[in-house]
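Some structures are shown below for you to check.
Both complexes shown next keep subunit A, but they swap its partner, so subunit B is in the first and subunit C is in the second.
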Partner chain A sequence: MISDGIASSLAVEISFWIISISTIFSAIAVVQIKDLFRASLFLILTFLGVAGLFILLGAEFLAGIQLMIYVGAISVLIIFAILMTREIEISNQSHYMRILVSMVALGFMLLAISLITSTDWQLIDERSFPQNQTDEIINTVQNSIPTLSKMLLTEYVLAFEMVGVLLLAAVLGALALVREKK
Partner chain B sequence: MTQIYFVQLIDFYSFYEMFYSIFQNLGFEKSSSWMSYIAAGGSLSFLAINLLVLATAFYTWFERRTIARFQVRRGPNRNGPFGLGQPFADVIKLIMKEDTIPSEADKPVFTIAPIALLAPTLLIITVIPIDDSSFLATLNIGILFIVGITSVNSIAIFMAGWGSRNKYAILGSMRGAAMLISYEIPMALGITSVLLIAGSLAMSEIVAKQEIWFIAVMPMGFFVFMASATAEMSRTPFDQIEAESELGSGYNTEFSGIKFAILFLAEFMAPIVTSAVVTTLFLGGSQGFNFLPGQFWFVLKMFVVIFALLWIRSTWPRLRVDQIMGFAWKILMELGFVNIFLIAIEVAILMDPVTGILTSQDMLIMAGINWVFTIITLVFLANFLGKRNYDRPDPVPSPLANMEPKGE
Partner chain C sequence: MTLERFLIIGAILFSIGLYGVLSKKHSIAVLMSLELMFNGINVTAVALSRYTVPYLLTTHSGEKVVQYLLTGQIFTIFIITVAAAEVALGLAIIIAIYRTHQSVLLTDSNQLKN
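Let's turn to the complex of A and B:
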């Protein structure tokens, strides 16, 4: 319902620019601010901005997962770790290799931009699909969760299970680290 | 579910259409689309926020009166009829107080913290289907949005604790954040068991699937969700964040004036929002008898849940911090996993493999199995684990507590 009218609307354009500018601004602030705690708060703002961009792309499920995992879990972990460090307010100092690192980062950014602009993205409106697939595609665009879960448990089940094994290994490793030695 | 509508719930689309026609008539032919997006969004948020704040004001009165009854007191009864003017007097008093900021505080963080705590709570109400539609119409990821948005709370509490540069505030907020993260897991497990039957993340779908209310189909899921949601609200018996007797006033020690009012508002709004979520997930949302509209039944069920929450709040003592974490990780999480396992097996056996539909008869069979399971498990837990005497180690004073060298 909303995706029909929203795609061409100027409201989407406006919100895209607001969200992306604030995301980029807070991403720069993460590395520039000296106060570690404030830097982590800007990191959370960056995560929120990415979630907003996902919503504008119509990927609501990814936005929800982004909120849950990055904003809810990872950033809290980062804050806990930061509160353990000393001299929180000045410790986000610039590195002595900052020029080298910024060159590498700039190179990666240029590479990513050139890849994005040179890729031939196939938009759904422009591409013609076989008749029997049209309904499925429309359903997927409107609500991607059933398709995503079906794919995860059929075609990509091996990767899915491997992620589970990896997480189990991480949990066991964490338990082994904090176990009391007798 | 055919219902007579006395009032159609105002949602985003009706607002949008109204503003669109107004702007069209005014002569903005090209730009009326985005202008009405902004106008509809603004007026809808204005309405929703004011409605919630007003509801919270009356809720504080209801809570104080009810808890007073539980404790054989009278409660606020002087301002206005039945003391209904009390919340407004409180708010005016709080706003007129001086708004102090500690000189050593991290000022921007300290200032933003109350807003960051209030915003997620306000956002949740937009996706709850008070009738057939919610304020923001149907969101495909409904319940996932709620779980994600609630997790922002722990960051706001960190901001409040860190920003005020107070020993007790930061202790309270660290405890609180640890507790909120721990209880998110059993809460998500309780929600997952609902999703297994409903087969959708959208809140209105979940309501539509409840031919038999999910509280009857899976009492264990309800128990796990309710316990962890009570903890997520961080109120007694789980109010480790403030713990007046241990931490002064916890994360809000340094707050005063309007900032304290906003923190207070967020704290008292949480039960309203939680009861709305519980009603939607387990009590059949706006389902009810036809002679009254769906909104009435929704609010009635919300009141029942709120009363149950107040009952818990006024009769349970506060848990110790290690007991709270132990309850989440050692009991609720296991119960949640066992519940999911059981329901997944039942759904796999009973669900029609072609159409993927669970009839109400299937649900009755599931209800029978689950009630037996729940009663046996809870009786077992209460009688065997609950009465076990834990061997406590002798208390050892912390090495930091006593700085003087021994024996001199």
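Let's turn to the complex of A and C:
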């Protein structure tokens, strides 16, 4: 599609398969490993793999956000909470409805995959664009941060502000919840 | 093929997260599986906006229409922000419950049942 010409090369192909297979296997490890602390380490690996997928999709800014927020902040919070609430018999166990739930999840996955593969996606080649638009599109995709910031502060400014207020409220609420009562 | 495989990875991540959310006893494990589901959605949104929006651009031409190329990335930014807020609040609630009940298992938090 609107790639920079390297999207079909062999190195990108190989890195796609390595990243996707390691992402899926570490995601399976997150729900299968008994020790919760090790599972959280595999969760970090999954976040790193998703950041790699973002880079392959041409969303470098999102990959940076993913590294900073998920790998940097959320996983540290999760590990902190695991260590705060450590018990002797703590483990990543499932309850008795495990078989039924795995059937539901597997069915959902098969349904989604069959829908994805049977849909006739309307994808077109970059050569069929009018010439002036092609340059603009390729420029937007390759140099996305100016457009992203423009969109965040014009078209989506209300959502942007609301998300800021939501984050502030969530942090204040978290502080109020975990504060020691005197 | 290139769009489909990203969508399939997103669907697989979402399904693994769905299994974890529905089957885990430990509340932090449920939160971790929820993060897996968020990541699957994010991959799907970015892949869709990258590969399907250019088709719309051929039928809708105009000044600002190129910006729609990045709509999926904007949505993903908001999803990540809301996920961060949700994890902060969720872990605070888990720690508060742990202080009063000395347990983090979801199966032990059933006071309202009786």
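What we mean here is this: the second predicted complex is superposed on the first by the 142 of 182 C-alpha atoms of A that agree within 3 Å, B and C clash if a C-alpha of one lies under 4 Å from a C-alpha of the other, contacts with A are read in each partner's own complex, and residues count from 1 in each chain.
As a working rule, a residue touches a chain if its C-beta (ideal position, glycine included) is under 8 Å from a C-beta of that chain, and two chains touch if they have at least 3 such contacts.
Remember, predicted model here, so these are calculated numbers, not experimental data.
Asks: What is the contact status of A:153 with respect to subunit B (first) and subunit C (second): first, second, both, or neither?
Replies: A:153 contacts neither subunit B nor subunit C.
Asks: Which partner does A:172 reach: the first (subunit B), the second (subunit C), both, or neither?
Replies: Once the two structures are laid over each other on A, A:172 reaches no partner at all.
Asks: Going by the contact rule set out at the top, does A:65 touch subunit B (first), subunit C (second), both, or neither?
Replies: Touch status of A:65: both partners.
Asks: Identify the partner contact of A:18: answer first if only subunit B is touched, second if only subunit C is, both if each is, neither if none is.
Replies: In the superposition, A:18 contacts neither subunit B nor subunit C.
Asks: Check whether subunit B or subunit C contacts more residues of subunit A in the superposed model.
Replies: C
Asks: Please indicate which partner A:138 is in contact with in the superposed arrangement: first for subunit B, second for subunit C, both, or neither.
Replies: In the superposition, A:138 touches no partner, neither subunit B nor subunit C.
Asks: Considering only the touch criterion stated at the top, classify A:73 as touching first (subunit B), second (subunit C), both, or neither.
Replies: A:73 contacts both subunit B and subunit C.
Asks: Quick check on the superposed pair: does A:84 touch subunit B, subunit C, both, or neither? Answer first, second, both or neither.
Replies: Second partner only.
Asks: Using the superposition described at the top, list the residues of subunit A that contact subunit B and also contact subunit C.
Replies: Residues common to the subunit A contacts of subunit C and of subunit B are 1-2, 61, 65-66, 73, 80, 144, listed in rising order.
Asks: For the complex, give me every residue of subunit B touching subunit A.
Replies: 13, 31, 33-34, 37-38, 106, 108-109, 137, 139-141, 144-145, 147-152, 154-155, 158-159, 162, 170, 174, 177, 181, 184, 200-201
Asks: Using the touch definition from the top, list the residues of subunit A that touch subunit B in their complex.
Replies: 1-2, 5, 9-11, 14, 35, 37-38, 41, 44, 60-61, 63-68, 71-73, 75-76, 79-80, 83, 142-145
Asks: Can you tell me which positions in subunit A touch subunit C when the two form their complex?
Replies: Per the stated touch rule, the residues are 1-2, 7, 16, 20, 23-24, 27-28, 30-31, 36, 39-40, 43, 46-47, 50, 53-54, 57-59, 61-62, 65-66, 69-70, 73-74, 77-78, 80-82, 84-85, 87, 90-95, 97-98, 101-102, 104-106, 108-109, 112-113, 116-117, 121-124, 126, 128-130, 133, 136-137, 140-141, 144, 147-148, 150-152, 155-156, 159, 163, 166-167, 169-171, 173-175, 177-178.
Asks: What residues on subunit C touch subunit A, complex-wise?
Replies: These residues of subunit C touch subunit A: 2-9, 11-20, 22-26, 28-29, 31-33, 35-36, 39, 42-43, 46-47, 50-52, 54-55, 57-58, 61, 66-67, 69-71, 73-74, 76-78, 80-89, 91-96, 98, 103-104, 107.
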